[in-house]
């Protein structure tokens, strides 16, 4: 059975809190055997999530890049070069079983949260500002996590819903 | 010289105010000779903007559709079938000289505003809620319009910046 | 009822014969009130088809561009900027009621003929080499035109099949 | 250093020879530690290449799918859901260091070979018909392999060119 894929999205120039959350969450996701999917560039939340994951032996990181040939971060194991620019954000979301935004601080992240809600994906906002929470409450259904550990617990619950209650023990 | 292209985006199930704003703005844009670009479906803001434009003889409406074969509204003159689902939102934005959101009420619109800000396009929020304005103020630079007429005036100013001060008289 | 869209594809550095065929076909398509769709750049078959169309008053040319901001030819009326590079070839094909290749001389054209056959679109090869015809006969069903006038006649037949026998008189 | 990615493309309904070639090549690629990239569906050359790879412990297979949620074959380790239909063929090609076509027997494969030549990727035709070879000789530069072992040797040479002569020993 394929390993679950967790999309971790966020700004390329995030707050310190969002960077730290992505680093911790990347590690927690990888420790559970799940694949970390990001936008693949060596910047901000993308870089942090991959770096956190690569602290774990056997981890797998998947980067969906905007460019054609290069630009992937050093902690990306599998790079998909879309040559589609920001239109690749839709692929990030479609390829994730669950999407976690570590802060909603930049326009690319806003587009990914919007696309994930539009696609009916489970969406977790981790460390979102009060403004972001007020706004997105009107836009769709999502879950809130106070920290990386809570996000990992919510992801596990969502995966059980997606893959059936016996997962992952059977 | 190519006619300017104005992207009008908004929910497929908008508030009455947003629907009315899109209808009026579609007409105002078409009266100025500009092309109305939408997501092309026969729903909500997309349908209203095209219907408004088609009240004007000589108007041209361009719909960028998510599907492969059909699904365009009756007021779409030129339909582009992307077969790319919501990833086509990125094309809507890239193909518009100016993007106007008539309300920010659904997740698809959120993604388009995010992508437009990310691409550095001139973005006008028309009739956005206080929550939306508070949130997007942290995300990037955009312009606010109280109504369709003000939106049309701002579009004209932005087009002069994009195309040079002599435009469109020379 | 929307005007039919005829995709005219071919090399950016075509043979003289293919260039001349695209110029003549663009004009014939426009004279019949159909929209000419191309890849939009100011090169080769794309440029010729648009130039031919723009000899006709009231003609409409649609260019689906690989880039994000510019690069369209002078005879493109409506430019769609995909920012998707050559992945936009799939959109060219999906958005055309009928696809005509003026020569199959470059790799981009090969991809478009392949994608059009894959999508089940009516495909006309105009001026294809004997090698191309031998090869594509094994790949799928397509129609052959000896010249632009024959291509226009075949397009008309295909449009009658697509839109019903009463078209375009009713 | 990221593992090389080898795109193996071919028909969903291939000849017996092409199926056998893809199965053998998938295994040879995986034995060398390279990632096998395919279109991801449980059909034809895609399925064979992945099945061959998964005979090798530690192998990694990457499937770039046309759909949004499912449709991947049982031997795909990492599935990317593009929801872009056949436009995803461009991503397959851009994400591969080297592209090998096991037969050129269907329209999708034709599009991938065209896109790979257009992108300047190293392209190997394995078991292509005489017609295909005659045709593609006019279209661009590519390499010919008589069988899977020769294809693997050519891939290795191309990777040395791409990654430098010391690769993979340093």
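In order of appearance the chains are A, B, C and D, and numbering begins at 1 in each one.
Here, a residue touches a chain if its C-beta (ideal position, glycine included) is under 8 Å from a C-beta of that chain, and two chains touch if they have at least 3 such contacts.
The shown structure was predicted, so the numbers you read here are calculated from the model rather than taken from an experiment.
Here A-D and A-C were compared by C-beta pairs in contact; the pair with more is A-D. In a homomeric contact, the two copies may use the same or different surfaces; for subunit C and subunit D, over half of the interface residue numbers are shared, pointing to the same surface.
Taking the mean of the C-alpha atoms as each chain's centre, subunit A and subunit C sit 41 Å apart.
Separation between the centroids of subunit A and subunit D, computed from CA atoms only, is 28 Å. Those residues of subunit C in touch with two or more other chains are numbered 68, 82-87, 90-91, 94, 119. Viewed as a contact network, the protein chains are fully connected, with every chain touching every other. Residues of subunit C that touch subunit A in their complex: 68, 82-87.
The touching residues of subunit D, counted against subunit C in their complex, run 84-87, 89-91, 94, 105-119, 129, 131-132, 134-135, 138-140.
For subunit D in complex with subunit A, the touching residues are 2-3, 5, 35, 60, 62, 64, 68-69, 72, 76-84, 90-91, 94-95, 119.
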